[in-house]
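Sharing a structure here in structure tokens format.
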């Protein structure tokens, strides 16, 4: 049943508006279990001269990039070991936690950490979830890992989940959980 | 800058409206990085006689329960081994995945699975994230585990993350990742 | 797709608002063939202190009565030959046209006109339509007549349609068409 | 006093919007006898990217044609005996009722029915009323007939009323009442 | 033509809303010379739970007192030489300018200044104007003075205008102009 | 906290809309002492076909000129003794009151009145206030005068205030107060 109206300054492109309308629909669904076709979103765009806040005209803040695209861009670059491209997605002060590590800040540290663990790893995605935490956007990527151990034996179907925090279109934090150790222990037994 | 208006049928309590306004604020923040004080949400509530869709008057769908409360209610009951209370939060067809297990459907199976692993476990939470996936609500609970191994040795500070899907205020799916195996392997070395 | 908002002064009861929402839905359907479930009407009611036009506060005009109820009240009273009740629905200057008559202004004239035509007549309704013409409401009542001729022979299934104009909740004009003459001619042949 | 806002997808031309604003004004007048200058209608048009229902973007349904134009187009073609043009306005399954006929489905049947009745007939219109009945639009055309009987004698000033139902811009039903039989009987007496 | 909607938190009384609607009407008139009856103001009041700014619920700021009432309260107390009541309307740091004086801060200074000028003075008002200057409200009171000179001779019809600035419902500044000196000079000639 | 929406016909330029949004902000501030950054104004502009009042489409009334610009234009022309330009700002029936004069209607009368008083005068402005009085706009201009007496002696820092009423972009009334007489008396003593 809800009708949701958003009043915005002009300056957002069609993809931005689509993301916004989807996010507003989902926000409504968090509280009101309306039939989907009953949720309507209307976006009213105002030219700069038609908007005033605090008795001052304003410029629209540039839209945030789609956070799932930021994350997949980063993860794709990492799989390809294109560290330069991957670092382009990282904020100053970026921190990551992998299973069994303390906080790491450099992608080269991660690569050094992974070197004695496996030859390579590929991610296959089951889904992404997007949330908001304060000013940060949160993206969860989950799915399964496949790749090869150091001895060349292949592995696959190992569950993983990554949590990313994004501010100003840059990743500030990555937290990773997976079943690699579980798999290794199972193999050892 | 955004001003967001939501038009609803009357019948939602103050806590529902607060959750809705927060969710709409966050939805806006996903796309527009406005200064927080610049995002305004207005909820207009309409008595039943003042709303019509499809030329028919409607009753408001009862609000969804706060999904974080559902999840913490379930997890608290599980920690207390109050299986009856915990099962009250589960949908028919509930499925859970823990590290190294196939899908399980009964809490008693989970307890049997855990029995040879540790005496008990406590969860300390670092945060919750809420998302929407189709008609389901998704809650992530993350933090650290503490407890005692079977030999009585204590453990703590083991990272975990749980993902829950909720429909009709019942949990349909739980996926769990943690560093227990990583910790055990480290201990074995 | 349309979402229609109406802003009104408080003072209209639930039946008034239902009629208004139906009329707004139908108004939208006159131009936009949206799927019915996609038309939403929102009525915002404002206390007197929250509304101003021309820098003056206003009182709400009392709602018009349902024009179909006015018409059926009138027609029911006429069938029962309760002329006093029927006249209660008529405006000063009321005019009626029946097949083959000039304008008549008094119900007693109508009864005198009908006397040499049939003993009595009953109306069975197939439907009502409501329209607006300037400041007047227009109601069409259509269906079939049954009754008895002067010789006692019964008739039925004779099509009729009445058109009424209503102002200030009183009928100003009635125009009647029917197939009585056609039926009589067919009988004569 | 009412202020009526309609939110629409872009795609309706100025004439469509004028018809819609008139219909919304009239809808308001059906319930609230406000002074005419006190009824305000505001139409907000939204580009496709600014509208979402059921988490999906939508295309605007093409506007319905003005139903009075459809009816006058049909009646003009009939007067001119341009059956091809007239049939272009008819839906499959079109049904018509004239005084003293059963249901007819073909215009050629109507012409055959009229042939022994009069040489020709012309309609002069006193007014049109438009209503909505479910998904159908209803148009009433009323006025007077003139023409020539089979013997060449002229007639005029015979009251008629036609009721049309229109769906998908095509006429599904025509019901006709008039005083022809009354006139003939009066002539016979 | 303008329709103006204001969305407010609940908590303003009918007099506050009337003042607000008048002020919004006047604001519109400053730019758009619409016929007065064509300006509509709608005030939508929202309970606290239905409003959020910056992801926080808010309490409504108490309404400002009618600034004209503050000014007339002050001036009436001054005429009655009720200095205590008059000082109740003054902000810390209050400053006043009278013709021929430097800035004064105490009402007793004003009385001392007036003592050698006249026995008493009464104000008769021709009108008040209200404006806004930054966060301050500005009230102009204008009219004519009457009273008695020190020698007992009466005077009247001397034009004056007072300008007041008001913040937090207290007068911060008073500026006075009048024709007393002009009148005295004319008398001397 | 207030959010103010204004619905207008298209046809106002950016400067008009800025003035309107400022005036609406100030109107809100007259009653609600919100923090400035919490007042949002949204102007929705409607093409002619999307607006109807009294079942008629309308043309937008041309925007009023900025009344402060009218006043400063007039005062600048007067200082330059460009009487033709100054008179272009005056309505038929224009009336002015200066200290010690009765009503004057012609600028040439004013100049004759001033001739025995001073050689010339310049205005330095401390501020302008704008108000509304019925259909008239009111502008107050205040500041100090400097110039030269007839004997060539200079003066300055003499306080003045002018009040103007404006209708249809023309000045209908000017009322002037200042401390010239006070200054002259002080000089005489």
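For clarity, chains are labelled A, B, C, D, E and F in written order, and residue numbers in each chain start from 1.
As a working rule, contacts are C-beta pairs under 8 Å (C-beta built on N, C-alpha and C of every residue); 3 or more make two chains touch, one makes a residue touch a chain.
This one's a predicted model, so the numbers in the text were calculated from it and none came from an experiment.
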Chain labels contacting subunit A and also subunit D: C, F
Per Cα centroids, the chain farthest from subunit E: D
D-E, B-E or E-F - pair sharing over half of the A-D contact pairs: B-E
Chain copies touching (subunit C, subunit E) - same or different residues, decided at half shared: different
Centre-of-Cα separation between subunit F and subunit D, whole angstrom: 57
Averaged-CA centre spacing for the pair subunit B and subunit A, given as whole angstrom: 19
Contacts with 2+ other chains: residues of subunit F: 3, 5, 7, 26, 36-38, 40, 42, 44, 51, 53
Pairs of chains satisfying the touch condition: A-B, A-C, A-D, A-F, B-C, B-E, B-F, C-D, C-E, D-E, D-F, E-F
Residues of subunit A defined as touching subunit F within the complex: 7, 44, 46, 49-55, 57
Complex contacts: residues of subunit E adjacent to subunit C: 5, 14, 17-18, 21-22, 25-26, 36-45
Subunit D-touching residues of subunit E, taken from the complex the two chains share: 3, 37-38, 40, 42
In the complex, subunit F residues that touch subunit E: 1-9, 12, 16, 19-20, 23-24, 26-34, 36, 38, 51, 53, 58, 60-64, 67, 97, 99-100, 127, 129-133, 135, 137-138, 140, 142, 159-161, 163, 168, 175, 177-186
